[in-house]
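Structures given as structure tokens follow.
Each of the next two complexes has subunit A plus one more chain, namely subunit B in the first and subunit C in the second.
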Partner chain A sequence: MSLIKHYVRISGQQPIDSGHPTTYNVCLDGQMLVSNAPADTLLADLYKGHIGDYPKFYKMDPLCKAGFIASELLLNAEGRRREQWGESRGVVLFNAASSLADDRNYQATIDDPETSFPSPSLFVYTLPNVLTGEIAIRNHFYGETNFIVLPTLDSEAMASAIEMTFSDGSLQSLVTGWVDCYSESQYDVLMLIVERDAIGHRDELSDEIKRLAN
Partner chain B sequence: MEELILKLKNEIIEVLNLEDIKPEDIDENAPLFGEGLALDSIDALELIVLMEKNYGIKIKDPNEGKDIFKSVAVMADYISKNRTK
Partner chain C sequence: MEREMVVKLADNIISPLGVTTEENYRAVKAGRSALRLHEGVPGIPIPFFASLIDENILTVEGDYTKFERMCIQSVSAALANCDIDASSDRVLFIVSTTKANVSLLAGGRYPAVSDLPSAVLPGVVASRIASYFSNHRTPLVVSNACISGVCAQIEALRALEHGLCDYAVVVGADVQSAFIVTGFQALKAVSAEACRPFDRDRKGLNLGEAAATVIYGRTDTADNRWQMMCGAVRNDANHISGPSRTGEGSYLALRSVLQHITPDEIAFISAHGTATLYNDEMESIAVNRAGLANIPVGSLKGSYGHTMGAAGVLETLLSMSAVDDHTVLGTRGFENLGVSRPISVSSENRTTDRHAFIKLISGFGGCNAAAAFKKGGDR
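What follows is the complex of A and B.
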């Protein structure tokens, strides 16, 4: 039985750091939801087609948009009442770029000393763990939240951190995974739901993450 | 004043990322916070930046914002009396 209860994969046809415009596939629990979609409109289209009714989405930075969309697709696929979890569900996410997309956008507002007007709405997103907060607040998940920056998508490190997070005895489930973003059109997401039965199965979990990420 | 109100509505839509909202959807006399557009504290900070950037008005005390940002009409009136740009 899989240790990963549900997953969503949003991945480009080219590597995230290739710098070239790319199209994206969206796969949910093994089913292709979207294929060859243009990068710059995909997230907004997914929001309008599958979520809606949360205008705060448009104020989010690119990392939060990618992670929010993934979490909504994932949780809708799970189909359980989100409010039931409380402290028993946490959110632990990973990436390599931290909040780079928003950092760059914010930097642009303060680059020129002559015309420097720092943007508060960009500044508040210059930390990647704002995404874990967005997901936790939206869904009333009151368990552990964390955002870990790694040099690369390292399935062993991720599995280790996930297992360690469950050492909190009250935690039953985690929304977890990789949410990386370089810009509005460069992102790479593998988001999962993992439960306590992952404890003691770190290697298997690592293998499953690696398989889904490739 | 109508021209300034329309300009202000467009600027608010742009800086606050109010997707799918057009100027004609905004009642210039409706509250900006709490109800109406239901803006939040970060939006308030963006409006303070907008006032300085576009109109040369520095709001030194954020508490002043409660009165200035009551509605688009009140904002426009304040801008017309205090702008330096």
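What follows is the complex of A and C.
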């Protein structure tokens, strides 16, 4: 049995920080769900096609939109009743850009005090861990939530942090992985479900993350 | 049972109240505060109360931002007090911050993503800080809103217990800027005067700047050193920017920590105590649900304001100093209890003969953390 129970990969044809427009593929548990989709409509289309009952999606910042969609696809694939986990499921996510996409949008509202004023609805999303909160709220997960920023996608650092989160004896499973976002049209996601049986298998977990991220 | 313990080896606090932990502790014990009104700050049209670091106290040379200089100076001072080789790959750097160098975004200088300097990326900043000490291991940045400083220490504890490193250098810091101040003003979360944690007349929080460092290592015998016993993180699963009305996450985190420490060992709970209406009310509920209503509760926000990424580390270190001094620090700004559940808050310093405390903290994203620390003794 693989250490990674389910995964979703949302990846563009270009590196996300390249500044070039790109199209995206969405892969769920090894099956291609969408291919060559335009960045600007992909997430809303996935919402309409696979979710549809959580209009708060439209209020989210770009990082949360990408991460929320990935979590929904992942938990649908898992197919278990989501409310059953409570304190035994946590959400620990990683990226490089923190909340940069929303930071830039909020900054734009304060750059010219003559013509605009600070937006509270943008400001609340200027923390990356708000994404972990959004996923916890949607699914009633009361376990550990954390957000770790790394210089780059480092599968060893991620696998170490994931494994040691299970030091918390209440934790049975984690929604975890990489959710990076530079703007509405530049995001990169590898989200996973990992369970307690990952304890003691840090190197294998690292190898699996590295393989799926490529 | 013989089991290795995780102990504090060295520490430092840089704030407007001093550049060592000792200076900071003495200032707080004497009731001092660096909170004052700031007017006419560029980019912040509305005056605000805050505790801000004068750049003249920062001594680090070179091409570094204020945030980086605060972190480097604090880590340098802590390393000077212990005998470890920071360049070793057995030393893990963990940076706790919410916004790092976000002020670089000001003024629309970088219209395109591809123009952005790498110093806007917190992981790159952490690498620059670690590299200053010739450490080239991948650092972690814990960015878990206001609870980052406690989460970063929990990551350090776990990394040491798992043998992933021999020493962990945890530095928490944030720099206030138009970005953060206008945001909290827009949320109507700030007080126009010095904040009043747990008081019936509290009107909101003040923001503050600090950098705080703690270095942890493993040992067989605690001797008279500070042990980090345990920590837990729980989510409210309720709201992204408002505390739970039932104190769910904080209660669950406290309940988890109480599996490892008994209430009669605890000198006090160092609460988050931001002085917002809802945070302080939520903490009173969580403390009562956890059966800790008789334990003294305090907040340091009246001395420092909310130092964000630094808060969890700063408040842990000052709590250690207080227990060393047999003292429960008074809560500056507090006068009359203004929360619905009975908790034991005092504006005056009190004495204690107990040797442990709990740090409790909560933040945006619905996250909450509790951690227990104990001086000397068995695990």
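Worth a mention:
Please note the rule applied: the second predicted complex is superposed on the first by the 213 of 214 C-alpha atoms of A that agree within 3 Å, B and C clash if a C-alpha of one lies under 4 Å from a C-alpha of the other, contacts with A are read in each partner's own complex, and residues count from 1 in each chain.
Here is the rule we use: a contact is a pair of C-beta atoms (placed from the backbone, for glycine too) under 8 Å apart; a residue touches a chain by one contact, two chains touch by 3 or more.
Because the structure is predicted, anything quoted here is derived from the model rather than measured.
Once the two complexes are overlaid on the shared chain, A:E163 sits against subunit C while remaining clear of subunit B. The wider contact with subunit A, measured as residues touched, comes from C rather than the other of subunit B and subunit C. In the superposed model, A:K59 makes contact with subunit B only, not with subunit C. Using the contact criterion defined above for the overlaid structures, shared-chain residue A:S119 touches subunit B and also reaches subunit C. Contacts of A:H140 after superposition on the shared chain: subunit C is touched, whereas subunit B is not. Of the two partner chains, subunit C is the only one that A:D154 touches; subunit B does not reach it.
In the superposition on chain A, the residues of subunit A contacted by subunit B and by subunit C overlap at 117-120, 124.
Residues 43, 45, 98-100, 102, 105-108, 112-114, 116, 120-124, 126-127, 138-145, 151, 155, 158-159, 161-162, 164, 178-179, 182-188, 232-241, 248-249, 252, 256, 363-367 of subunit C are the ones touching subunit A in the complex. Within the complex formed with subunit A, the residues of subunit B that make contact are 15-20, 42-43, 45-46, 49, 52-53.
Across the complex, subunit B is touched by residues 55, 58-59, 117-121, 124 of subunit A.
Those residues of subunit A whose C-beta lies close enough to touch subunit C in the complex are 17-19, 87, 90-91, 96-98, 100, 103-104, 106-108, 110-111, 113, 117-120, 123-124, 126-134, 136-137, 139-152, 154, 156-157, 160-161, 163-165, 167-168, 170, 182-183, 186.
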